[in-house]
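Scroll down for the structure; my scribbles are underneath it.
Every chain is named by a letter (A, B and C) in the order it is written, and numbering of its residues begins at 1.
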Amino acid sequence: MREYLIALATEGCIFSIMALGLNVIWGWAGDLDFAFYGYIAIGAYMAMVTSIGRLPAPAQYVLGWHLPFPLAALIATASAGLLALGVGAIALRRLRAVYFAIVTLSAVLMLQTVISDYTPLFNGFDGLYGMPQPFNDTLHLSPQGYSLFFLAFCALCLAIVYVLLERLSESPFGRALRAVREQERAAAAFGRSVYALKLTAYVIGAALGGLGGALLAASQGAFNPTAWPPAETLDLYVAIFIGGMGNIRGVILGVFLVLVVFQESTRFIPALWGNPNVSVAAREILLGLMILVAMRYRIQGLWPERARPGRGRTAARPAADPRPALLDVRGLSKRFGGVEVVRDCSFDVREGTVVGLIGPNGAGKSTAVDLITGFATPDAGVVRFAGREIQGWAPDRIARFGLMRTFQLPHEWPGLTVMENMMLAAPARGRDAIWRPFFAAGALRRAERADRERAGDLLEKFQLLDLRDEPAGHLSGGEKRLLEFARIAMAQPRLMILDEPMGGVNPVLGARLADAIAHLVALGVTVVIVEHDLAFLERVCDIVLVMALGTVIAAGPLAALRADRVVIDAYLGEAPVHA
Amino acid sequence: MPDAPALAVHGLTAGYFGPPIIEDVEFHADPGKITALVGPNGAGKSTLLRAVAGVIRPDRGQVLLGGVDVAGAPPEALVRMGIVYIPQVANVFPGLTVLENLEMGGYVRARGVRRRIAEVCGLFPALHAALHRPAGTLSGGERSMLAIARGLMVDPWVLLLDEPITGLSPLLQAAVWERIEAVRETGVAVVVVGQNTRGTLAHADWAYVMALGRNRVEGTGADLLQNETVIDLYVGHLS
Amino acid sequence: MERVGLGIGFGLVTGGVLALSAIAFTLQYAVSRIPNLAHGELLTYGAYAGYVATRWSHSLAVAALAAALIGGAIGWGINAAMIEPFLRARVRTTAIFIGTLAVSLVLQNIILLVFGGASLAYALPAEDSNRVGPFLWTLRDEQSMAAALVVMLLLYVLLHHTKFGKALRAIADNRDLARVSGIQTHRIIQGTWCLAGVVAGFAGFVLAVTLGTLTPSLGFTFLLVTMAAAVAGGLGRPQGALAAALLIGIAMEVSALYADASYKLLVAFALLVLVLLVRPSGLVAGDRGGAVG
């Protein structure tokens, strides 16, 4: 019995490491990866071929070294990561979930075919055996003693992985990753490269899978293509699902619940009808039903991703000095399906000014904003910002360069707290790098504390401070809009474009938003506001641009424009000639 | 003695998720007349049409079709009852031919589809030549006409047109307006939401000006074209 | 060169069955926008139903019918019991996608429970191969290709000359517009899943007869090539699925004559990745927004 429990616990530790790796890819980054089994398998095989030495014929395989386990495990982990780099680079190019899933599924099947059929690689279908027990050639323990030692070793590995992932999760990288999962466009709008973040997460997750595979091989002593069919990856998904996606403790709980408790308990189902497959089949059926029920009723899992606490107060404010045209747009044009939505649009914005952009529906204002900020590519025209030509740049690059925007509908990161939303908006300056939480922890802590104080101050100004630990998705519509402003204020761009910030809000909320925008303006940032609420624009704007039919038709102080025939015609449209 | 309104909307309040976009809206549409809904951005004109058409469920209010309240009914049912909605974009099936689009328009008809197609093509002769072309290959103007023609296949009481001429050249706009007037002559109550306010008012028998989700002004098209309040709603203070 | 001719001949046989499976998959995707990972089980159940019917009635025609009916019932069931209720409960699409995998798990293991894991064999008489031009086909090969062809023609007639088929294509184009045209989308979608099941069930039966054996994982392994063909052809486009299926079938069989037969799957997926890299929206062009037709 004791041996059984020790074996169970060891299995649990190993599977937990694997599940944690998958959690980085699925729980944190949000990618449905079917190739994960492949990384486990590669890890197992590489660990074996670097530690079993030479086996007698007819076994054939590559390498055949005889390295101590830690080194073998390291090679296994690195191999898995390298493979993931290749697969991920292709699979993440088109960021649609379905294609990613299908490409990764293809990749793992190709890998399985190659491993099974190309014998010189890993001995094909027969697999490899004879893996020496890690450390036992120096320890010489009895079998019972060793099993206890190995459990302790696996538990230690799990503990290390746990600590590292916890650190990473709390770091700017972890936060940025979750932001990408929650609301990709906003992440790009705040300077994050979605592709780079997802690929990094993919490699890290795969590497952990490889480590798990190495430990699995060490615990079984052998590994072959039938040892762990790809369907077992589904068990890992269920563990994460049920335990709580994203939450590290939840994942470990899920593993022990699903893989260990559930699996083992169904082993006791008697063989009915003399059919030896019954327990296996029954287990799989129950597993499948469990997934369906979990999905339908309890999708966050037992231990949902918890919010991280926010702290901090006090102030810090930047200044701006007026200079010539910060943003210069010339001849911007864009066609959508035969209709010229933006047509030879030109204007400039001087630093330190507040410019309004108005015009009737279909004037092309939102498209112009998309074109300037990189969310669409212009057919023609030049966009010059701070002296550089930025047309055609990716939106995250433009954002990092200092030109940012908000969206018509609030694009908050719903699963992250208000404070985390603010922390993410802080100028990144390479802080997302994964090595920082480990090798520059002190500096990172100080920088984060400073950010938290500034965020607290801003949240107070926007009357959101008491909501700082609430998941942003729980905020009311008006509060979400205020958060949009607080966030972009936090990001300190040189120029910000507010896209219909007052769109469809009632007058009471409108007054509050107007104050919030006035506050932004007071910070000295250059602001372009796309709006319809002319009363409000009259209050804050220096000049107003009028767009109609894709181009700028008038510019000047609003009071003058109101009486301008051209502007009125643009809004009311033309009467038909024969009226 | 005026005809009873084909469509009468009372106290309609509706939105997507969250606060309502339109509140307590009232309007009616008479058969054989063009009723226009105009107003500045965010007025809720499209939302109103969608709520009447059953695409979104109203929070409260009545939609009376020939005196019967149909508010909240799903679009499939409303089509059978005689309310047809023509959306502004994505208003034809691009993968189907013109003929098949019309057939789908007449989906709920038990019989007489062929005859009706011939009648509708009489109203829109341009479509007759294009019957076997995929709708995705039609030009903008042809597409607008097909969208309206599709709606006419069920012989509706009420036709809801969401910005039928937006995005078309002035020549095409005139052509489409001409067809809309021809539809009016067949006795249908035509409700048009227009972006080009002056142009829409010029063709309207009766019009409602909305702003911020509520009724503001109503009157004949000709009267409203001269109305100062209307101009103020667009370029002045909104209260 | 003669080898290539042989390969193309075999490829047409494989491609025929693959085309049926891929078209069924893509039709169901066109109306529901969720890839069904339990699609393979439609083939498996069709195969097993056909097998049982053969043993019982000794008639391949009856077996084919049984396979189609069972497939249709299961297709209908998956949609009615899982997809539609989950969609109504607003479960996320990716979550439902995983759910179909769970359904696949359950269905596969039911077969395992009932029939056991060992492969069952069709006791059919051995046949001679005939030379037809550059191709080498048995009578059964020719029958399966003919059957596939007939089904595809029937499908074409269904999609382009019946009210149901046109409504299906309309929903695939634009579900909201279909609703405001008065089309009862719920019923048509149910019908489509049933149709996909019928075609896939039949395809599974033909596949099992061609291979000569059945295992519980028959459909699942075929699922992967099916998805490769459907995705490469552009999800939601039956002509694309057909073209891609024939291409992949031929590529697989030609490669099997030159390299080890177990690399066939590899070839299929290498083709898929290639197509996705070069033409991300699939083989069949046309960005008119029209999905089916």
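Brief remarks on what is shown
Rule of thumb we're sticking to: a contact is a pair of C-beta atoms (placed from the backbone, for glycine too) under 8 Å apart; a residue touches a chain by one contact, two chains touch by 3 or more.
Since the structure is predicted, the reported quantities are computational estimates derived from the model, not experimental observations.
Remark: the per-chain Cα centre closest to the mean position of all protein Cα atoms belongs to A. Averaging C-alpha coordinates per chain and comparing to chain A, the farthest chain turns out to be B.
Chain pair with the highest count of contacting C-beta pairs: A-C.
Annotation: 43 Å between the Cα-based centres of chain A and chain B. A separation of 35 Å divides the Cα centre of chain A from that of chain C. Interface residues of chain A, counted against chain C in their complex, comprise 32, 90, 93-94, 97-99, 101-103, 105-107, 109-110, 113-114, 116-117, 231, 234, 237, 275, 277-278, 280-282, 284-285, 287-289, 291-292, 295-296, 299. Residue ranges of chain C in contact with chain A, taken from their complex: 35, 82, 85-86, 89, 91, 93-99, 101-106, 108-110, 112-113, 116-117, 224, 227-228, 231, 235, 260, 262-263, 265-266, 269-270, 272-273, 276-277, 280.
Across the complex, chain C meets chain B through its residues 163, 166-167, 169-170, 172-174, 176-185, 286, 288-293. Across the interface of their complex, chain C is touched by residues 53-55, 74-76, 79-80, 84-85, 87, 90-96, 100, 103-105, 107-108, 134, 136-137, 150, 154 of chain B. Those residues of chain B that touch chain A in the shared complex are 18-19, 21, 40-42, 140, 166-167, 170, 173-174, 177, 194-200, 202-203, 225, 230-231, 234-238.
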